[in-house]
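After this come two complexes, each holding chain A, first together with chain B and then together with chain C.
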Partner chain A sequence: MKEATEKRHFHINRKYLIPILFLLPQLIVFSIFNLFPDIAGIYAAFTKWDLGSTPIWIGLNNLKTILTDQSSLFYWDFRWGLENTVVFVLITVPFRILIPLLLAVALSQKFPGRGLFQVIFYVPSLLSLSVVMISWNYMFNPNYGIINTYFHLGTLSWTSQVPYNWIALIIITVWWGTGVNMIILQSALAGVPQELLEAAKIDGANATQRFLHISLPCIRFPLSYVITVSIIAEFNVWGQPYMFNNGGPIIGMTNSYAHQSNLMLMQIIRDVGFKGSFGSNPGIASAMSLILGGLIVVISIIQVRLMHENAED
Partner chain B sequence: MKKRILSVVLATVLAVSICACGKTSGGGTAGSASNSTSSSGTGVVNLTYWTLFTGDDGKNMDAIVKKFNDSHPDIKVTHVAMDAMTDLYVKLPMVAGNDSQAPDIAVVWSTFIPYLVEKKAIQPIEMITDTEPKLADENFTSSDLVHYNGNRYGAMLDFPSVSMYANKDLIAKYDPDIISDNVITWDEVFDLASKLKAAGVDGDIKALASGAGASNDIEQNFLAAGKNYTEDGKTLTLTEEDLSNAMGYFKKLNDEGGFMAEDADAFGLFTQGKAVLCTGGTWNMNAAKDSGINFVELPPVQVDASNVVTNAVAHTFVLPQRSYTDEKKKAVATFITWFEDNAILWAQAGSVVANKNVSSSDEFKKMPQYLFSTLAKQAVPNYLYLSIAEDALTNYGWQPVYNHISVDDYSKAVIAKIKSSVAAQ
Partner chain C sequence: MKRRTKEQIRKLMLTIGMSIVAVFWMMPVAAGFFTSFKSNQEVKMFSEYKNIIPRTWTLDNYQYVLNYAALPIQKLLLNSFIVCIACVVFTLVLCTLSAYAFERFDFPKKETLFWILFALSAIPNVVALVPQYSMYSSMGWINQLPSIIAPNIADVFSIYLIRQFMKGIPKELDECAKIDGANELTILRKIIVPLLTPVLTMVAIFKFSDVWNDFLWPSIAISTPDHYTITPALNLLNNAYRDTGRVERSLASCVLAMIPTLIIFIIFRKRFLEGLDITAGIKG
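Then we have the complex of A and B:
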């Protein structure tokens, strides 16, 4: 009897061995580049640390500083950075959904040159941040940029005049991020059952009605995915404003601290945490990251719940 | 069964190959400093050499290191260039004491010696310099910059300094007298701006462009006025008023139409003949030469013609905190001594070298930076928290000049940012 049980255990172990071995590479990579750094980051949020020395546990002090201490630069950095980021997300995400959706709908029709347009809209998302920003910086340059020249805008500064600094950043971000969302939505639209669309057409539904009442409900899962991923991506924005205007113009002062228009929370986290030598404060930066991460998790959970509720309806 | 075996083999290979991706191939990466004294019993001493020369100067350094390696078959130096602020000054304290990670030699700014000493990232260099008479303090200009708390921590290399490039053709056309004494004051720059306006070219040609950047140029102005960040090296004594005065010159020039437009490519304006003067640094020499423009390198704009100073730091060789065998010590000494003997090679990139034998040589006297180096006294912003201070200046850039904020608010913001960041250390 004992021998039989042992044999059964051996079989169960062997049954799981192959899947575990296949999962192992990804688990190793995930642990090294995600899990362990995440755990270290959460620990660092509760320490005083300067990268070079051993972190000292200080409990909730970092969180207290960035959330309540108005005499500290970190409080204002965090508050203004979060405000700027939320504004950026609220303006950018709708464009990052609507434009790819419209393009996906247009490209799901059959017309000559469709493939070419698909490539044209998709290619920007393949470019690296540096390439994108160097190109747009040249185009928005007030002295020799094509945009000011073509639209006769003189020396209008897109980097330092509100609201043009925002308009420029949103154009760049939407242009860069449209391709990926468009491809996802295009493939989702291709999966909409043709018989439903044809039946609706026979019943007299026009193109708008067919899109709103058949196509859109059919693609709600990929659409929710695109919305969630876009929100997460835009909450993590830092490269575009960093390379475009390094935080942008000062738009206000409180307690002698300056509020910069385009200084996003991720750039502040990077500056506070990893500026190098004196000035690095990874403890504070990790605490800021923890709050931002928590915020993104909450938004994602709400998004997933809404998605499931829609599915049940 | 065969399929199962194949699956297991494939999974194992994948796992092993992915793990192997994390390994470095050795040499040339910051995380793989060599700790071997000699390689595979061939008698070759390997030295890892970290510097902050990531631009054109890095290519020049690579060429010099190659020359050294070619002429010293018993020593192999591997040069690794990295960004100063985000890499070098972060990694040196992190690898300190770890012989398998720490480099054997590094080049840092002298202003960072107090920071690196306090972080226990570097050690006194006397064990190398004491055995080499050529590396004695008296052979270098301003060697006091590498001393801290009674110890010597560096062997001087050069002085990367803020300077000013002047377009000789434009000067001959619009204001020939301005460089008669090779020193240009702010009053003369304002005068030049009014002459460009009178000639009706102020829309196309600016009197001054800032190629050195706000941080260097503002520092230059308060150093020229006899101010500095600190008196004791640690406590900030620079006032909002000092900063407002330093920024005020640029604001006034812009108000009079003589300063470059916002977002302009300063050095591009200069090389296209659209700026008469352009602040820059000794590091811009190659770019200026390559542009083909008829120029002269002068000290930056002065507040007072009788006290000509230039905002400078010093590049210096340092010894990272690690252990050195006698063989390795000898190899390090050989490399630094050879470099100092051949510092003229380094000067060819525009550097003002610290080695007195080289800086007084006929060959150096023929170089464009010689005139500049003899005119200006080096003023070094020796502040323990220099990186925080310069970061604050860079962050707010030229915003008051272009009226995004008042000069006084700018000064308040900069001082508040420095004080708050220092307090959090």
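Then we have the complex of A and C:
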């Protein structure tokens, strides 16, 4: 009897021991290389820190500086960077949803060459940022680029003239990001029950009505996934303006600080953290990333909840 | 009969319409590809010649790029391969082990742990940027390839994908093997993993192309040409060639850099495209 309980006890321990052993490598790697830097980053936002020295706790001072201190370069950097990023997100995301959705709807019809078109529209998503930007820099080149030549635009400078700089960046970003969204929406549309569509057709609903009242509600989960992922991706935008016009033209001056049209928050964080003109200031950079990160987390939470809900369906 | 012709006209219109869009869509890639075979003089005269396809084809740009000693593209591609393959192997091993633990075992607070991990992994990378740098520099990993491998390995989203897929594998299979005396690791290796091939391929492909295209962190962590990976190095190559007005050389290096991802895409096209919708959790 005693032996039996002991055995059972041992059995339970062993039962928990094994999954923990399976999990351990992942947990160790995750804690060291992902979780620790995250926590350190959150901590650093509340410190004065020069890389190489020990960070000194200064409470909310960094956040105060970037949010309220109008005499500081960091305030203007942060403010303009965030403004530029938000404008970019607001303009880009609708196109990053609508264009893939239109293409997905078109590709859900049966017509010759469908598979080939799918590949063609997907290919840009395979390219790395630098390949994308080098190709498009050539397209938009004012002297011997394809676009200015074919559309007879003379030497119009896409990199330094508002609003052309924005138009170019949006075209590039939408082109790059369409593929993945299109495939997801396309397979979502393929999952819409045919019986429903047929029934609506018999009841006299036209194509638009069928799309709005049947297909769209059926694909609401994938659609919301695509929207949140696109918003998160565009909040992180950095490389396109960096490689296109390195922040773009100066559109204003405040306290002798230059306001650059396409300078995104991510690039500012990178510059302030690692190579800013005023030396690197990791504490300030961390405070800025904390706010940007916070914004992204809010969007992620919405997404995780949707996925959770979806998984339980 | 009339309805059929109407239907056929509609299909034809769709094909024509999509073809027009597709031509515009492919233009940057096509123009880049063809221009990489042009001479500098022909590139500069584009506004007069208006020819996308080269008048005279030349391999000079490729020759130049392949022999550019300051940033040897062969070395860059090799570095990228090493990094990507290391990331893929580590991710597959670690994530399969943890997905197995989550899916086939019971332990207290299992689901809570999973969603905590999920939530923590959703903290945007930007938050970790500066501490990551100082951590790796104190470890002596700055300018070393491990610094771009390590942060890409623990991938909770891949665990999620593998776990979702594992749910479809009947538990009876494990139990049969257990009766035959197999231990958990053997069951995982001999029975589960072979059945996971589709989802593992997908995770591998995504990881490979993610890491291959990674730009921000490598551009911070690596500053010696010997250890550059291709994506951040292309930016530097581009700066070097742009300053001398040789855009066709930048484009030639782009074509070389694109080849590996395109080959992988062509080989695994079906799985790649199918994989994307599993990613969205549509099939739940």
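Note that in this section the second predicted complex is superposed on the first by the 262 of 313 C-alpha atoms of A that agree within 3 Å, B and C clash if a C-alpha of one lies under 4 Å from a C-alpha of the other, contacts with A are read in each partner's own complex, and residues count from 1 in each chain.
Everything that follows uses one rule, which is that a residue touches a chain if its C-beta (ideal position, glycine included) is under 8 Å from a C-beta of that chain, and two chains touch if they have at least 3 such contacts.
Not measured: the values here are computed from a predicted model.
Which of the two partners, first being chain B and second being chain C, lies in contact with A:216: first, second, both, or neither?
neither
Once chain A of both complexes is superposed, is A:74 in touch with chain B (first), chain C (second), both, or neither?
Once the two structures are laid over each other on A, A:74 reaches chain B alone.
Under the stated touch criterion, which partner chain does A:274 make contact with: chain B (first), chain C (second), both, or neither?
Both partners, chain B and chain C.
I'd like to know which partner A:22 touches here: chain B for first, chain C for second, both or neither.
In the superposition, A:22 touches chain B and chain C alike.
Let me test your reading of the model: by the given contact rule, A:122 touches which partner, first (chain B), second (chain C), both or neither?
Touch status of A:122: second partner only.
Which of the two partners, first being chain B and second being chain C, lies in contact with A:286: first, second, both, or neither?
In the superposition, A:286 touches chain C alone.
In the overlay, answer first, second, both or neither for which of chain B and chain C A:304 touches.
Only chain C is touched by A:304; chain B is not.
Under the stated touch criterion, which partner chain does A:130 make contact with: chain B (first), chain C (second), both, or neither?
Touch partner of A:130: chain C, not chain B.
First (chain B), second (chain C), both or neither: which does A:87 touch?
neither
Chain B or chain C: which reaches more residues on chain A?
C
Jot down the residues of chain A that show up as touching in both complexes, chain B in one and chain C in the other.
Common to the two interfaces on chain A: residues 18, 22, 25, 29, 32, 51-52, 141, 143, 274.
Within the complex, which stretch of chain A touches chain B?
17-18, 21-22, 24-25, 28-29, 32, 50-53, 72-74, 141-143, 155, 157, 159-160, 246-247, 249-250, 253, 255-258, 271, 274-281, 284
Considering only the defined contacts, which chain B positions touch chain A in the complex?
Chain B residues touching chain A: 4, 7-8, 11-12, 14-15, 18-19, 22, 83-90, 93-94, 96, 112, 115, 119, 121, 261-265, 384-385, 387-388, 391, 395-397, 399, 402, 404-405, 409-410, 412-413, 415-417, 420-422, 424-425.
In the complex, go through chain C and note every residue touching chain A.
Where chain C meets chain A, its residues are 11-12, 14-15, 17-19, 21-22, 25-29, 31-32, 35, 43-47, 50, 52, 90, 93-95, 97-98, 100-102, 104-108, 115, 117-124, 126-135, 137, 150-151, 153-154, 156, 159, 164, 184, 209, 212-213, 215-216, 220, 230-232, 234-235, 238, 242, 247, 250-251, 254, 257-258, 261-262, 265, 269, 273-274, 276-277, 279-282, 284.
Taking the touch rule as given, give the residues of chain A at its contact with chain C in the complex, in rising order.
The contact residues of chain A facing chain C are 15-16, 18-20, 22-23, 25-27, 29-30, 32-38, 40-42, 44, 51-52, 103, 106, 109-113, 117-124, 126-139, 141, 143-146, 148-150, 175, 180, 183-184, 187-188, 191, 221-222, 225-226, 232, 236, 238-239, 243, 266, 269-270, 273-274, 282, 285-286, 289-290, 292-293, 296-297, 300-301, 304, 307-308, 310-311, 313.
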